[in-house]
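What follows is subunit A paired twice: with subunit B in the first complex and subunit C in the second.
Entry: the complex of A and B
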C-alpha cells in the first residue's frame, strides 16, 4: 500500500517508548504500539499479570505514555468496568478504558470477570493478546494453546483443542467483537477505531506469535503471524451488532484452494516439530471444518 | 500526613540502552530503500523513526536487533551485520 497509504491510517506519534524490557521480536510490543496509535493515546490501560506487566517498565519508569494500572490476574475486566463508571461520574469524556491481557489472563483466570463485564455491557475495550501459552512464567499451556503444540507442561504436545474465545464473547451479544493479528496492523487499527465508537463492551482477540515460546527466530514474528492467516488457521473477522463479516486477507480465503496448507505455518515453529503426518492432517481437517462453519456464518449475515 | 503513591513516569530506555542486547545490527542500504515504510510499521520496539521526508532511520541505542525489519523489507535493503 506504500508509505502514503500506511501513514493515512497509522499516525507517526509513538506511545510505546523504545528501550523497554520486551524480548527482541516481541508481538505484545507490536500490538501495544498499534493499539495506542489507534487510540491516539487517549486511554487508560488495565493490565493483569502478563509479559506486559514487565514491558510497561521497572519502577520508577514506565515505557507507555498512557496511565497504566497493574492489577491481579482475575480482576482486569471488573477493574476496568469500575474505572469506566468512575470516569462517567466525574464527567470525563473521550478516554477509553482498555484491558490489555494475555490468553491466560483472558481465557483461564480472567474469564469470569470478562464474562461478567460483557454481560453487564460495561463500557470498556477488552483486548486479548493471544500468544497461546503462559509465556512470562515459562511457556505453560493455557486453554488457548492449540492442539499439538509443545509447551513445558505439554511435553508431548497438547491433546486438547484451543478454546474459541471470540465466539464465546460474541455469545454475550455485545456490540462489537473482532479478531486481529499483529501481522495485519492496518486491519487491527481500523478495528480498534471502529470498536471505540460503540458504547458498551468491545472485544478484540489479537493473535500474537511469540518467538521465545513458539520456538522460531525473532525475525519471523510478522512472517509467522501472516502465515497463520494465509493458511486459514487464524481468521480475521468482526461481528458488529451480531453481523458477521470476514476482513482483510481472510475475506478472500473462502475458496479452500486460496488457503496455503497448514504445514507452511506449522513447520516454521519448533513447538510443532514433533508432529506426525497424522497430526498435521488432523489439524488441516479441523481448519477445513472451521471454514465450513464460517461459510455458514457469512451466508447468514 | 503525606501519602506516597508509587507512580512510574514514562521514559525512553526504561530498561536501559537495549541496543547492547543486539547480536546482529540492521543497516539500511539507502540506495536500495524505496521508502515503503514497512520496516517502520513492523518494528516492535519503535526503534525506527521517519524523518521529515519519511526516510527511515534506525535508533541504535535501543534497537534490539530482532531483524524483523530485514525480514519484512520487500526490496532487501536492510542487511544484518554481526556485532563486534
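Entry: the complex of A and C
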C-alpha cells in the first residue's frame, strides 16, 4: 500500500493521549493507539489487571478517550459479555465492547472466561496483546512465554513451548480470529475493521515485543516486531468463518528461503542471550515445522 | 399509586427458590448471569423458563463459572442494566474476588444466596458461613425466613440497591432445603403494583457511555483510596434508613411491612433469643409454649445483617437479662459471628447487666427444632442469674 493508501486507512484522530504513563518503546501503547483509531472511538474498553491498568492513568485521570472499565485479572471476557448484553437490552447499537488484555490475563488466569465467552459467541472483540510474560509484576513467565526465554521465574530459560492460543480460540468456531503485530499497524487496523463487522466473538492476538521485559533498547520495538514476522516466528493470518488466510508479509513467506534465520530475531534480545547453538537450531526447527503445518492450512483453504 | 384493596392478589404454592425467581421476574431484571449449584439451581432454571417462555424480557448469560457470573453482572450493571444472579456456598467463595469488586464499584446488583455449608467435608445443607464471609465487603445483606419473604426481599432489594443514597449491591439469603426446597403459600403482588413501587433503573451519571467517556476503577494512590472505602461505609450507613423506608412503603402496598429486625414478644422479655432465617419460626413456637408456662421469653429475628441494625437491636435487647444468639456460623478462633457482634454492641452501649450466650447450632444442616429452643431458653433463664458475661456453647455436639 502506498503512502496515500495508508493515510486513508489510519484516522488522524488520537484516542490514546500523549503523556500517558507507559514505558519508553511500549508496544501496548502502540497497539492501543492503532486499535482505537481503527474503532473510531465507538467502543467501551474492558481492561483486566496488566501493564495497561497503569497506562490508562491514575485516578482521577484517564489517558483514553473512550469509556474504560478496569476489572479483575480473570474477569475480562465475562465482564465484557455482561456489558455487551446490557447494551442490547438497552437498545444501544453500534458500540463495540472490546477486551484489551495481556497474555497472562488471556492465556492463563483468564482462559476459562475467554473460552466461555467464545463458546457462547458473546458479541465482543477480544484483543490479547502478547508481550510474552507478566510484565506488570516484573517479567514472570506465562504460558505464552516462548521456549528458551529468560524471565524472573525461568532464570535458566523457559523449558516449555508457547501455547498456540489463537488456534485454540479458533477451535471454538467463532466468526473471526486473527493474529497481528505492532510492527504491522495497517494489517492490524484492517483486521480490527473486518472483525467488528461480525456479530459474535472476535479475537485478535497481537504480538507486542516489550523492550523492558525482553531486554532490547526502547527504540527497537518495531524492528523486533518486524523481525519476528520476517523470521517466521510470528505469523500474520486471519481465520474468517473457519477460512484460513496468511496476511501482509507472512503471505510471502511460505517459501522457506524467503524467511530470515531465527537468530536474527533472537540475538537482538537479552532474554535469549544464554541460548546455545543447539537451542537456536531447535527453535529454527520448530519454526520450520510450524510453517509446514501452515502450508497444509493454506492448501486446505 | 395502586392501593392494596384495589389490587388483586394471586396466591401460589412456591418454594423459596421459585419465589426468588418470581421476585426477580416481578422486578423486571434485564440480565441473569448464573452458574448452577445445589441448592440454588431451581432459581435459575425457573428464570430460564420465564425468559424462554417470553414471560420475562431479559437476557440470560449462561456463564462458565460463578466468577464470571458476578463479572457479567458487574459489566451489565456498569452499562446501566438491572442484573440478577444467585449462588450458594462454594459458588459464593468462587466469586469472592468479584463480590468485593461489585461493592467497590458501587453497582446495584442483587444476588440470591441459598445458604449452604462450606466443604470439606462436602455438605449441601444449611449453614451461614457462606453468606457471612461477605459481611465486610460492602454488600447489604438481608435474610429471609419464608418463601414470601424471599419474594418480597428481592423486589425491595432493587429499590435499596439503586437508591441514589446507597448504590450498593444487595445479597438476599435463605436457607438451603428448609426454605429453598419447601413449598409454602406465597402472595404474588400484581406486576402493575410492583412497577409502581420499582420503576425501571435510571442509570446514574457514571454509567458506561461512549458519548461521555469516563474510566472506572483506575489505579488510585494512597492519598485517595481511603476516601473510596469511607464512602462505601457511608452508603451502608444511609442504607439503614432507606431499607426501613422501602420496607414501610412496601407494607403500604402489600400489607407486609419490613424493618431491619422483627421483634416477637420482646417487650417484657427477660430472655431473648436472636436468630435468623428458617430457625425463627420454631423459636416463635418455643416462645409461645414458654409464655404459657409463665416464662417471659422473646425473639428477635434479624432481617438485615449489613448494615448492622445497631439501634434497632439495642432497643429490642437492652432490657433483657439474658440474650442467646443461635446461629449457623462461627468465626474460627473467636465465637459465633453474629453473637460477638451483638455482645460487643451491648457492651459498647453500656449495657453490662446482661448475660450473652453464643449458641453455635445447626451447622451443615444439623436438625434443630422447637424442643431444642425450649431447652436453650430454659438454660438461659438459669444463666441470667449470673448477671453478666459472655459464653460460647456448641449446641448438640455429639459426645
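The rule is simple: the second predicted complex is superposed on the first by the 298 of 301 C-alpha atoms of A that agree within 3 Å, B and C clash if a C-alpha of one lies under 4 Å from a C-alpha of the other, contacts with A are read in each partner's own complex, and residues count from 1 in each chain.
The rule is short, and it goes like this: a residue touches a chain if its C-beta (ideal position, glycine included) is under 8 Å from a C-beta of that chain, and two chains touch if they have at least 3 such contacts.
This is a predicted model, so every value here is computed, not measured.
Once chain A of one complex is fitted onto chain A of the other, the partner contacts of A:138 are absent, as it touches neither subunit B nor subunit C.
In the superposed pair of complexes, A:69 makes contact with subunit C only, with no contact to subunit B.
Within the superposed three-chain model, A:113 lies in touch with subunit C and out of touch with subunit B [touch as defined at top].
In the superposition on chain A, A:58 makes contact with both subunit B and subunit C.
Of the two partner chains placed by the overlay, only subunit C lies in contact with A:85; subunit B stays clear of it.
By the touch criterion defined above, A:222 reaches subunit B but does not reach subunit C. In the overlay built on the shared chain, the residue A:29 is in contact with subunit B alone; subunit C does not reach it. Residue contacts after overlaying the shared chain place A:40 against neither subunit B nor subunit C.
When both complexes are overlaid on chain A, the residue A:20 reaches subunit B alone and has no touch with subunit C. Touching of subunit A by both subunit B and subunit C, each in its own complex, is seen for residues 56-62, 64-65. Within the complex formed with subunit A, the subunit B residues making contact are 6, 8-18, 21, 35-38, 41-42, 44-47, 50, 54, 59, 61-68, 70-72. Only residues 2-3, 6-7, 10, 12, 14, 16-27, 29-30, 33, 56-65, 185, 211, 217-223 of subunit A touch subunit B when the two sit together in their complex. Interface residues of subunit A, counted against subunit C in their complex, comprise 41-44, 46, 53-54, 56-62, 64-72, 74-75, 77-90, 95, 112-113, 115-116, 119-120, 122. Within the complex formed with subunit A, the residues of subunit C that make contact are 30-31, 33, 58-59, 61-65, 67-69, 71-81, 83, 97-98, 101, 208-210, 212-221, 224.
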